[in-house]
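Let me give you the structure first, and then I'll get to my questions.
Every chain is named by a letter (A, B, C, D and E) in the order it is written, and numbering of its residues begins at 1.
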Amino acid sequence: MVNPILIIAITLASAFFIGILQVYSKLWARLFFFLTLVFDFFAAGANFYGFLSGRITEPILVKIGGFPPPIGINLLVGKPEAAIGFLIFTIALLGAYHWERKGFPEPQGKIMVLFLLLSLGAAGITFTGDFFNLFVFIEITSIAAYGLVASAKTEKSVEAAFKYMVVGSISSTFILLSVVFLYKATGSLNMMDIASRIRNISLTPIYILILLMFLAGLLIELEVFPINGWALDVYQGADPVVVAVLAGAVVKAFYLVFLKAGTYLTLPSFFTLSLIFGGGTYLVSQFIAWRQKDVKRFLGYSSVAQLGLLILSAGFFLNPTLPAFSKHLIGASIVLFIFNHSFAKSSLFLLADNVKSSQLHGWRGILNKNPLFKFIFSTSVFSITGVPPFPGFWAKLLLIFAIPKNCSWVIGLILVGALGEIVYYYRLFREASEGEGEKVGTNLAAPLTGAILLIGAGLVAWKMFATQMGIMFNSTILLLLAFSIAIYILGFSRILQWAGSLAVVGYGIYRMVPEMGANLHGFFLALVLVGSALLLLATYPTSKRTSWTFYPAYLVVVFSMAGLVLARNWLTLFVFWELMSWASFVLINMGSRAKKAAWIYAIFSAIGAYSMLAGIYLLPGLSLTHLKVAGIMVPLLLVTGFLVKMATAPLHVWARDAYGESPDEFTPLLSGIISKMGVFGSLIAILYVIGNISSGPSFRYILGWLGALTAFFMTLIAVFQDDLKRLLAYSSVGQVGYILIGLAIASPLGWNAALYHTVNHFIFKGLLFVAAAGIIYRVGTSYMPRMGGLIRRMPLTFLSTLVAIIALAGIPPISGFAGKWLLYSALIEKGWIFITVVTFLASTVAFLYCFKILHSVFLGQLQEENSNVKEVPFPLAIVEAILFVSLGVLGAFPRLLLDPINRVFAGIPGMESPGFHYEKTLGVVSNLGHWNALFLMVFFVGSFLLALIFFAITSARVKKVGQLDVGYSGEVPKSPEDLHFGYGLYDHFRKAVKWFIYPMVTKIWEGIYEWISAFAEIVRRIYTGNVNTYAAYVILISIIIFYFFTGVK
Amino acid sequence: MAFFTASILLILIGLYAVLVKRNIMKIVIGLSLMDTGVNLLIVSLGFIRGRTAPIINVKDLLFNTSSKVVDPLPQALVLTAIVIGVAVTAVALSIVMLMYSKKGTLEIDEYKELKW
Amino acid sequence: MVARIFYAFLILLGGIAYGLLLGGISRKITARLQNRRGPTIFQNFIDVWKLFRKKTAISHGVMFYLAPMFRLVGGAGTFLLVPIVVGHPYLSNFSFGGDLIVIMYFMVLGCLGMALGAAESGHPHSPIAVTRGLSLMAGYELPFVVSVVVLMIADKTTTVEGIVRAQQGGILHWHIFTHPFAAAAAFISLLGMMMSYPFQVVMAPQEIPIGPPTEYSSSFLSYMFSGRSVFAVAKYVLFMDLFLGGATNLGWAFLKTFLIFLWPLFITNVFPRFKLEQAVSFFWTWPTLIGLIDLIRIYIVR
Amino acid sequence: MRKLIAIAFLLILGFFMLKIVSVFPFGEERWGVSRHYVDKGIEENRASNLVTSIVVNYRGFDTLGEVTVLFLAATALAFLLATCKCRKKYERIEASLTLKTASDILYPLLILFGAYIFIHGHLTPGGGFQGGTVIASAVMLMLLSHFTFHPNHRALSTIEGLAGIIFVLIGFAGFIWGGSFLANNILPLGHWNRLFSAGVIPLIYIAIGFKVGAELSGLITDMYKVTKEEE
Amino acid sequence: MDKDKYFLNEKPGKLTYSGVFKRIDDWTRARSLWVVAYGTGCGAIEIRPTFTSRFDAERLGMRMAGTPRQADVIIISGYLTVKTLKRVIRVYEQMQSPKYVVALGACPINGGMYYDSYNAINKLDLYLPVDVWVTGCMPRPEAILAGFKRLQELIDSGRADGWKKYIENLDWYRENQKKIIKNWRMPNYNW
């Protein structure tokens, strides 16, 4: 234990000493400066460690001058104070180091003194147990901050300092007045003493007014909306290092004071106040950042919002009616939030310091300049936006689950705000990762430390809180995830990394074999692991452009999916869900033109994840069993989460670009397997939740309609795509619509159809995307009108694509038909006749794009520039071969897949009998009809061969003619380009269906975005930049607080 | 009571300057006025009618002191507050000087680069 | 089984012959309607033979080569999956292979094959015609599906046999009388299926002469010709089974299919042609609405 | 309009403040912890000036902070104005002989007076801050009257820092020998109302006096120099 | 002259052209003439009545073919310019054997009224093997039908072998064609 007074006194003394020293030797001054900070760091750390390890149990009470508490000033350092103190000095040390590397502005000695005293002031604020002393330290901090904010000596920084100073003075006036009034009212200045005295006096309105005055002063410092204009100006105008320390450390000290005020000054309206101001600030700031073009200011908005969330949490934390466990959770969440925000935001500000321009467009492409920069940036952004396993995620999770159910609207507020946060943070991400940017600075040690600390803290939090929350992790999955990350170090050699990944997935399969296939979870596990292994095989040749991170991220996606399907608990499922979503975001973002797509993907992932989280929150229990819920809200929220991943209309907006622009080697996984996680989720949601609500059948009917409309509209839009991958994207979305219909039917036949189609869709869409990857790799474009005639160059790919397309279209002898047949049988059995009609129509329209793929890519005229392309690379060819053979085999023997599916459902009540049986001649027989797959296959192949042989024997001599030798009205065509009909292939059809393909949903989403942006634009106009106005807001808000929260009228 | 009212008036006048005046110097003066008002208020809060200053320089005061002197604590506090006010004013003035050196004007409307 | 295959082969040959004959008849009737004498009703046989026996043929590639076989097998397969006489050991064909859903999807196979071959020829007219054909298919499929679903729901079966059995017991049990609106929708969509005027957009002689098989010649074309003929017969038989109560013997089958054959023929000779988008819009509105009357009735009555 | 709104706001605020103060009748006797200072102050500290006793000992930590604030202000000002190219506003003219002579005479007297004030801080009204201010006013007087007057900046800084360090060191001495930071039991307390009494209080006040004097002088010099350098 | 290359000879061991098959073949060929009518000159206007209600060529089994690939007969209807000749040759070469040429009017025979034109050819049979000539300027549909009747007779009796002659004398035809068509730039003959 180090006496806290030593920290303060030694720092003070050395500040004075540096004041002398700097006159004589700058070097020594600097040395001394760092020595002091390091001492502070270790001293504060020792205290914190003492508390953590349990060596110090009681709060440390320092009696200055030897006087007992009410008489003299005393410092009171408990666990929170020690923690915040440690945080302050850590951030200060990092900031100082960063500033030193960058170069202190002249005169250096003075700025070091200011910096030292700033951290000292913050520490003093944290440690002190006396209200007037608090005021003194606030003033120390403020004055140091005024000086530091102005330290850049640019017009902006000086202006910011002035505004800060004016508003800060008003704030300290309020604090001073209220402290003196408090003294007058209670006769004491000591916090504890006042706390006990206040308990003894009756809280008349006037007393409350005094307390509110203190709180108003504090709220100004805590940057609540709308009296935070000064703070935003400071964030924008000041030197980023200063801002990093201010936002990372100093504000946290003020927050601690806020907590103390809430604890000691038993203010009745504290809860309401913190809810209103915290929640309001949080919500408003998250949205007004949308239109912000200045990165530093926008980070400022984010800071303000985070602080708002902290204030809100404080309200709950100090709410006496909260159960102990919830209180514990909220406490943990506050700690994590503070840690997360301090390090992530400081790192971001320090990164901003490395970038020349603070404008958004100035950040364009800077991530691609320096991998370290990218790492820090992504880590920080992920952490702030709450991506597992970073502390921000756990903080949010803990907070949400701690909030009592009767305040569930607060959850909505938090999640909506978080969504806003996602929107603007990932817009920055998008901007920063797009194209090639300017060079960035290399002063990255401090933010790197922050990022590493974040990761560490995230893992620690994972270990500490996961079990408390009831999140259970399969140890094998964790091991495999660790392996996945470890693959990163093999990044120097792509082939090693690939082989390593294969080995890890192989090991995973080996370890997981016992789990596979036994039940629903095992079924999906098998799909995930085996499917991913296959698709992984095909990634190598085309992954040239992607980075070291590709394989680790890929494996993380794979194993988080494995963890997801193995989850026996909604929360576990959610954690893995988030992990999967964000890892796939990373992967999508690797596509060279995928930045916007990744942004939209992030937004929609977040919409899904948050609504799912809200749903899980509202569930009566967390385990994956039948849960009784009332009303339609819970299933709706849950299902929305899953539907996003399935890209069901109207949540499909992300899919086109995410599928179309993501790296070619990743898209098969995205379409083949990741979308199936939505299927899994919907299945269990329907099974465990929707099955139990009274309006379940109609809910499912609506789901069925959603599926049918998705299938229809997406198919229709797919017809008009000219980009190969986008076409496949829409097709994929449409196909998943069929699966949704099957799920919604919820009869044995329907679920059989859904699962069959799930596997089948994986096979053929995986195949198609793999083939697309190969083609794009060879041809160099995904624009179909520029292809054509590739059948002559890629026969194997054509054959496998053809088979896949036949499966996709659901034409009999190939396996795709099985899903269709089961689905229609189920639909007709169920009597959902209108859905049947729409589905039928959709599958007919699907023929249009099926032909488009085959024609535009493989048939028609071979273009001159493609005349030398080769067959797709070997690994891809192997995967194609495996997949198309399996399509054919399944086509002939659907029982190979139907039997396992039946076994899966055998354990579910009401699903024991599959709804069909097998007969020798009739094949699969349902209650309505029958279908003999083997016969059809034999019949088709046999008669085809017969016809072919007959033709070969009897026909005229067939001569192969040249490519350009076509009937062309006697003319001689000049080039293949003239003859190839690729562009606008379905223009005539477009005229017929133009009413259906109007991008209404996209327009609606865009409209929502625009409206919110416009609203944000209006709201942020209140920050006029005029200091008079800011002061007026302060007065106005104070008046409002005084008026509404006291009885004084 | 007049002391209270007067000091509150001082505070309000200071605030009025901060809220309304367009000249930066006047705003700083307003802040200074506010400080003064607060200090006055603190001192007057410590006053007890009919008592002397808390300096025990005569023997008589040594006994039963608490019935003879005013409350010394507000005075101690005000001492600190005054010094802090001076410090803030000094920093404010230096910032104002810096601002003036940048733009050559003290008009507050010219300093609206940071907004929204 | 061998006997069954043998008979199936015979039936198939009969079907092709019947189809070619119907083609000849239609040419004859058209000619008479246009105040001409027209060719002999066996003209199609002559054409097929001549094409088959041409001395040379050209190919543009593998798919081009295989497509006519696809077409023939697709048509023949569809024909063989539809029972001509339900319950008959041979004339019920291979209807055990699948129900109506299977048949509806199997129908596409031939078209797909031909589309692929045509597209490989590299002639710009081919994809134009194919895309038109597919679009048109998207058009007529809707009313057809509406009426098929009506039948399936009404008879609680998806097999053709079941639907035929449900119509036994008198002429008024035929679906054309019990579900007149569904039947009307289906028969309008038959016009599209047969690509007769006013829906003659695929082979539109005016702008893309003879459509997809532009590059096909000689024996390839003769295969296609046969395939198309038997495919048409398959559709007639299917419609007979679905709406006209099936057949109890070959005589009835010939009569009913001939009646069905006459319906598009008479329409085709008196109507001008729709543009494609008009055709699709037409199918998606009027016949669909007509079919929906029965669909809604079924939905309510069920 | 702006003014009206501002006035309305302020009137409401003023109303609330008045409400607050109205519960504390003016001049009412209302003791809190200061009862202890008043009753036990002499006994514990032997400083006649109770305010000093509070300022330097009971709430000495505040004073340390206060000193720091002033130090901070001086540092910040020096830092901010160090490279400031503040524009000159008007021509300076030489001060008159009378003024020069008078200030030459007053300068040592003022410094002496300041020293007196802070040395007697524990006995009479006044103390380190007040004394330091008087000293600084002496420096200001010289600055205004003499063009050539330049206080030694290094010396000022050194004094300022050293005085601060001494303050902290005294606190430390209390920590080491007296049991707690700023404890007033390391030196004999002496007798009431004597110069050498009250333990470390006069020492601290002297340090503060030096510090404040040096700081304020430095502050004034800095501000003054900024305008002067332009000439 | 490589006869195998152009399949003039029968494939050994396959269905041959002799006997009953040859008979049927010739019979059907004569009764199923698919025509590509190249409207080179004023004769184009006469083709339409020939094929429509009044004269109804369809009763002879004839019909219009949409593409040279499927056609048996090409009708050269009227004068032939050098520019058109190139297209005609190309169309002819894209037709599948056996194939026949019917020339209408005086112009293909000797240039007719354009005998001294700088760009109309005078003798079509220098460039393509004409099976049937129908004279007149222009011949009426009746005459055209008569010409086709004659063609059918020729085919039926196996004497319409212009396509064989063309292949056998390909070099001679090419020489003539190239003599008159200056910018040749055509793909090689396929059959």
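By our rule, a residue touches a chain if its C-beta (ideal position, glycine included) is under 8 Å from a C-beta of that chain, and two chains touch if they have at least 3 such contacts.
Predicted model, so just to flag it, every value in this text is computed and none were measured.
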{"item": "Required steps from chain B to chain C (each step between touching chains, minimum)", "value": "2"}
{"item": "Contacts common to chain A and chain B (chain labels)", "value": "D"}
{"item": "Of all other chains, the one whose Cα centre sits farthest from chain D", "value": "E"}
{"item": "Chain pair bearing the highest count of C-beta contacts", "value": "A-C"}
{"item": "Chain whose averaged C-alpha position falls nearest the assembly-wide average", "value": "A"}
{"item": "Where chain A and chain D are represented by their mean Cα positions, the distance between them in whole Å", "value": "55"}
{"item": "Whole-Å gap separating chain B and chain D, where each centre is the average of the chain's CA atoms", "value": "15"}
{"item": "Between chain A and chain C, centroid-to-centroid distance (C-alpha), Å", "value": "53"}
{"item": "CA centroid of chain B to CA centroid of chain E, Å", "value": "115"}
{"item": "Contacts with two or more other chains, residues of chain D listed in rising order", "value": "2, 6, 9-10, 13, 17, 21, 24, 30-34, 37, 58-59, 62, 65-66, 69, 72-73, 76, 80, 84"}
{"item": "Two or more partner chains touched - positions in chain C", "value": "53-58, 214-215, 218"}
{"item": "Touching two or more other chains - residue numbers and ranges from chain B", "value": "11, 15, 19-20, 41, 45, 73, 77, 80, 84, 87-88, 91, 95, 98"}
{"item": "Every chain pair in contact, whichever chains are involved", "value": "A-B, A-C, A-D, A-E, B-D, C-E"}
{"item": "Complex contacts: residues of chain A adjacent to chain D", "value": "3, 5-6, 9, 12-13, 15-23, 62-67, 70-73, 106-107, 110-111, 113-114, 117, 120, 124, 132-133, 136-137, 139-140, 143-144, 146-147, 150-151, 153, 177, 181, 183-190, 193, 204, 206, 209-210, 213, 1028, 1032, 1035-1036, 1038-1039, 1042-1043, 1048"}
{"item": "Interfacial residue positions of chain D with respect to chain A in the complex", "value": "2, 5-6, 9-10, 12-13, 16-17, 19-24, 30-34, 36-37, 57-62, 64-66, 68-69, 71-73, 75-76, 78-80, 82-84, 153-154, 157-158, 160-162, 164-165, 168-169, 171-172, 174-175, 178-185"}
{"item": "Complex contacts: residues of chain A adjacent to chain E", "value": "953-954, 956-957, 959, 961-962, 964-965, 967, 969-972"}
{"item": "Touching residues (chain side chain E, partner chain C) in the complex", "value": "7, 21, 24-25, 28-29, 31-32, 52-53, 56, 58-61, 65-67, 69-70, 72, 96-98, 190-191"}
{"item": "Contacting residues of chain B [partner chain D, same complex]", "value": "1-5, 8-9, 11-12, 15-16, 19-20, 41, 44-45, 47-50, 53-57, 62, 65-66, 69, 71-73, 75-77, 79-80, 82-84, 86-88, 90-91, 93-95, 97-98, 100-101, 104"}
